[in-house]
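There are two complexes below, and they share chain A, which is joined by chain B in the first and by chain C in the second.
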Partner chain A sequence: MQPAKILPKSAFPGWIDFLKRSYTVVGPKAMHGQTVFGEIETADDLTLEYNQSVIPPKKYLVPQREVLIEYKLDGTEVEAKFNEEATVVFGVHTCDLHAIKLLDLIFSKGFTDQHYAAHRDNTIIIGYECLTTCGPESFCRSMGTASAPESAYDLHIIDMGSDYFIQIGTERGEALFTGYDGVFTATEPDYARMNGTLSDKWQRFPYRLDVDVTEIPDLLAESYHSDHWQELADICLACGMCTQVCPTCYCFDIRDEVDVTLSVGKRVRSWDSCQIDSFALVAGGHNFRETRAARQRHRFMRKGKYQFDATGMVGCVGCGRCATACLVDITPIKTFNELYRRQQQQPEEVEA
Partner chain B sequence: MTSLLDQTRFSESIYKPTMARIVDINDLTALDRLFTVELPDGVYLDHQPGQFVKVSVLGVGEAPISISSSPSRTRQTFELAIRKVGDLTGVLHDLQAGAMVGIRGPFGQGFPMDRFKGKNLLFIAGGCGIAPLRSLINQVLDDRGSYGHMQILYGSRSAADLMFKDELHEWENREDVELLLSMEKADIDWPACTTGYVTHLFPQIELDPRNTIAVIIGPPVMYKPTIAQVRNKGIIEGNIWLSFERRMKCGVGKCGHCQINHIYVCRQGPAFQYQHVKDLQEAM
Partner chain C sequence: MKPKIAFFDFTSCEGCQLTVVDSLQTNVGLLDMVEIVQFREAMTEKGTDYQIAFVEGSCTRESDEDRLRAIREQADVVVALGACAHLGGINAIRNIYSIDEVRDEVYGDKGEWYETYQPRPIDAVIAVDAVIPGCPIDRDEFIAVVTQVLQGREPRIPDHPVCIECKLNETVCMYLRGEICLGPISRAGCGAICPKYGFGCVGCRGMISNPNLESMEEVLEQYGRTLEEARAKMSMFLTYQTLEEGES
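Up next is the complex of A and B:
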């Protein structure tokens, strides 16, 4: 890795202006008491000490709605469409960086999804180290996502009071300082200060799960037939909000849209949710996940076990957004803890 | 020459279809039509029986459809048997020969024919399941010496619902094929036709369970009782093969729609060995 950089806070607005000359810059902004990622004009638009954004920055890699192909209806022209806007996504929390790492694995596994790859190629990600935990629903410490994963960011920023310590993840990240002279190479004392900042932070990050993250895949496997899924289903509204706000949910629908001229159209993908009752419905009316209990189970199995088995990463990064979004207070902290409590209550199997 | 799979995979986008021409359309039943599709020059279909393609009409949508022709009879043209059940399939049925459709694929895992060689075959189809099964049957017939005895059990609602009637007659007349039909309403003059479900045909067949491969393709309700009958004949779980139908949007393991527990039907299926799926709650 390249040596880190030190950016004095006084130079920060100038650097953002410098980036704006070549890129669209987006970052966390305060809006109606919440935080949303949106385009910024100056450094003043940013709120860097933010609790979880309502919608994760995933939306810049997997947009809620995205045109995959455009065509003439007579089939004489069919053209794939790709994102071409060079964007810097600024201030991504560590849990969201872990989510991006997971999406990278999923969209490149087997068949490469070139539309995701195009977003990834054109999107520069600048992480921002969380120094306090977000809300009471966040459990990043338990999930092991409160530190930045190296492969997900181009630059990663740690606030050290009067200046920023900036870790370099990629060459293109480092290139964001090419031609900008307000930044310095970090020295030994800077590394020591940075490490002091990081070790201080842990006292502000409680463990909120009773179960260790490494036990979660097995816990889920053993809880497959638990009664708890039905208990969740009894209150779940099947609204799908939990999946809409999740940084690791990526399931999608694909639909065709025809232009009013009736000569051209496009094939569009948009976010979908396994909590909606038609998600696994096929022609003829057969629904392979008909009950809410089966759908809640699928959601948690996928996060806690299936994605781990497929990628080596647990599919929940502990951001807590789904808990905040759920009107009936179904939360991963309560769910994992309750499954764990029941598992612990079961009599130990006696070895023969 | 490029295979359609390479064309799909290595074009700019895995979601971009290759435009192909419908060169022939034939009625199979009141609801089912057989479409012969011709790929553009330089592109051929290289598939295994049991695989599917994503078929689309631009401006309408896309659906997974099994390839009904066998690899032995497929090159630049191939066949799809499509039932009219909704929006896209409705529009497909309105098309005339000469129309263009989009094709991606072939996707998923088909049946491993190499592993079936030398074995006796028990093929069981319910309803539209005969469309993908026909790909296996013709593959075997075109390489008849490589396989043992072949029994085909085909369950249909009535004579009017039978698909591929000409071919059924051909198979019926062959010495090396044993074909048995079942119908809920047996309104047909046929040498071996039983009233009832496909499961009612089992008492009539004899087989050597040790060396027989069973392949079952049909509607969801058919699997459990049919597997029970096959097991009852003494065929082991590892020699039972199935094909699953699920909602599919992408066909390439991304959209999440086709999942059975942790399995992606579009990638790991639609053909499965029974022992690999029997413990999955969402499978059957």
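Up next is the complex of A and C:
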């Protein structure tokens, strides 16, 4: 790995200006008491000390609405559309880096998703080390996502007070300093300070799950027939906010939008939600997850087990966004803990 | 041959037809695809040969019913245009009073001169093939529905709550701002424009097919709002539905 860089905070605004010359730069911004990712003009626009953003930075890799192909209805032209905008996504929390790593695995499994790949190729990810927990709904420590995964970032920033310690993840990340002379190569004492910063942070990250993350897939498998799903369904509004804000939800709908002259059309992919009535509606009017109980179960099975089975990573990164968004207080912490409590209460099955 | 389309208005402000005129300004191509034979808001001619009928407004008189049935008889496709036609809408607020009280309040001692009855959505009178909801309608959705009808497809409008679009906008939840909002039980498709500008959803696009009303009541309580406040909010567009629900 390339040696890390040291960027004095006084040089930070200049570096952002430098990046702006070549890239669209987006990052966390304060908006009405919340944090949202949006385009920034100068370093002043950034709010790096933020709690979780409303919608994760995933939106730059899997846009809410994306044109996949454009075509003529007479069949003479079909053209695939790919993202070409070079973007730097600044200040991605460690949980969201884990989520991006999971999306990378999902979208490259089997046939690589060309549209996702185009976004990924043109999007430079700059992580930002969390030094304190986002809030009572966040449980990244329990999920093992409070540290940055190496493969998901191009650069990763650690705030060390008067300067930033910047880990280099990729060559293209390192290239963001090419031609910029306000940055230094980290020395041994810098590494020692960085290690001190990281080891100090853990006391500020409580464990919030009673169950160990490695046990979650089995816990979900055993909870498939639990009564708890109906209990969640009784209060669930099926509003879909939980999935809209989730950094690892990627389910989408694809529709053709034809011009009113019926001559040209677009095939558009947009976010879908497993929590809404029509999600599992198929031809003939059949709906194989008609009840809210079936949909809530599906959501948690996917987070806790199905994605683990498919990728080796648990599908929840503990950011707590869904819990913050939910009006009826359905939270992954309470759900995982309740399923675990019920599992522990059941008498041990005696091996024959 | 181009399909012939006609616009009709019943009791309404005609704002949805104005939105149609507005949408034609940016979608001039539609005029190459159809022949508009009747559209009081925009032209003088009144052709009676048409295949697609757009009906704005609610049915508020017995004599409206004959006119609606004649439209149904003629048209292959009838589309309800906007909240009045779709839901009964604002006109139906008066349904909480008896028809005599309403006559008396509005017309005084001339009450008997005027024909009126309890306002209702047009699907209470005739079969409706498609709906373009909202107060007013969304101009893009109008174009999308027309396009789907021209393709011979059944128009699809969203059947999920406004919350989905509100979150996409990253709007602060109205309940966190101490405001009441019908978003969790109301049909999306409007881009959650009201919460975006600081006003809680009033459900002008109708309720979703499967709202969790019991849980909605608990949300109201949890956020310090009352059922009465919610009912007041719902009365704006959903009085007809609320009263129907109460009777069944």
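Keep in mind that, in the parts below, the second predicted complex is superposed on the first by the 348 of 352 C-alpha atoms of A that agree within 3 Å, B and C clash if a C-alpha of one lies under 4 Å from a C-alpha of the other, contacts with A are read in each partner's own complex, and residues count from 1 in each chain.
As a working rule, a contact is a pair of C-beta atoms (placed from the backbone, for glycine too) under 8 Å apart; a residue touches a chain by one contact, two chains touch by 3 or more.
The shown structure was predicted, so the numbers you read here are calculated from the model rather than taken from an experiment.
By the touch criterion stated above, A:C236 is placed in contact with chain C alone, chain B being left untouched. If you count the residues of chain A touched by chain B and by chain C, you find the higher number for B. In the superposed pair of complexes, A:I106 makes contact with chain B only, with no contact to chain C. Once the two complexes are laid over each other on the shared chain, residue contacts for A:R267 go to chain B alone; chain C is not touched. With both structures placed on the common chain, the touch criterion links A:F90 to neither chain B nor chain C.
Contacts of A:F177 after superposition: neither chain B nor chain C is touched.
When the two structures are aligned on the shared chain, A:Y164 is found in touch with neither chain B nor chain C. In the superposed model, A:F288 lies in contact with chain B only, and not with chain C.
Using the contact criterion defined above for the overlaid structures, shared-chain residue A:D309 touches chain B, although it does not reach chain C. Of the two partner chains, both chain B and chain C are touched by A:V258.
Residues common to the contacts of chain A with chain B and with chain C across the two structures: 258.
Chain C meets chain A in the complex at residues 27, 29-30, 32-33, 143-144, 146-147, 150-151, 159-161, 163-164, 166-168, 170, 172-173, 175, 183-185, 208-212, 214-216, 218-219, 222-223.
Contacts from chain A toward chain B in the complex involve residues 68-69, 71-75, 78-80, 82, 106-107, 109-115, 224, 250-256, 258, 265, 267, 269, 272, 274, 279-284, 286, 288-289, 294, 298, 301-302, 305-306, 309-310. For chain B in complex with chain A, the touching residues are 9, 11-17, 19, 56, 58-62, 85-86, 89, 100, 102, 219-220, 245-247, 249-250, 252-257, 259-262, 267, 281-282. Within the complex formed with chain C, the residues of chain A that make contact are 31-34, 36, 54-55, 64, 234-241, 244-245, 257-262, 271, 273, 276-278, 292, 325, 327-328.
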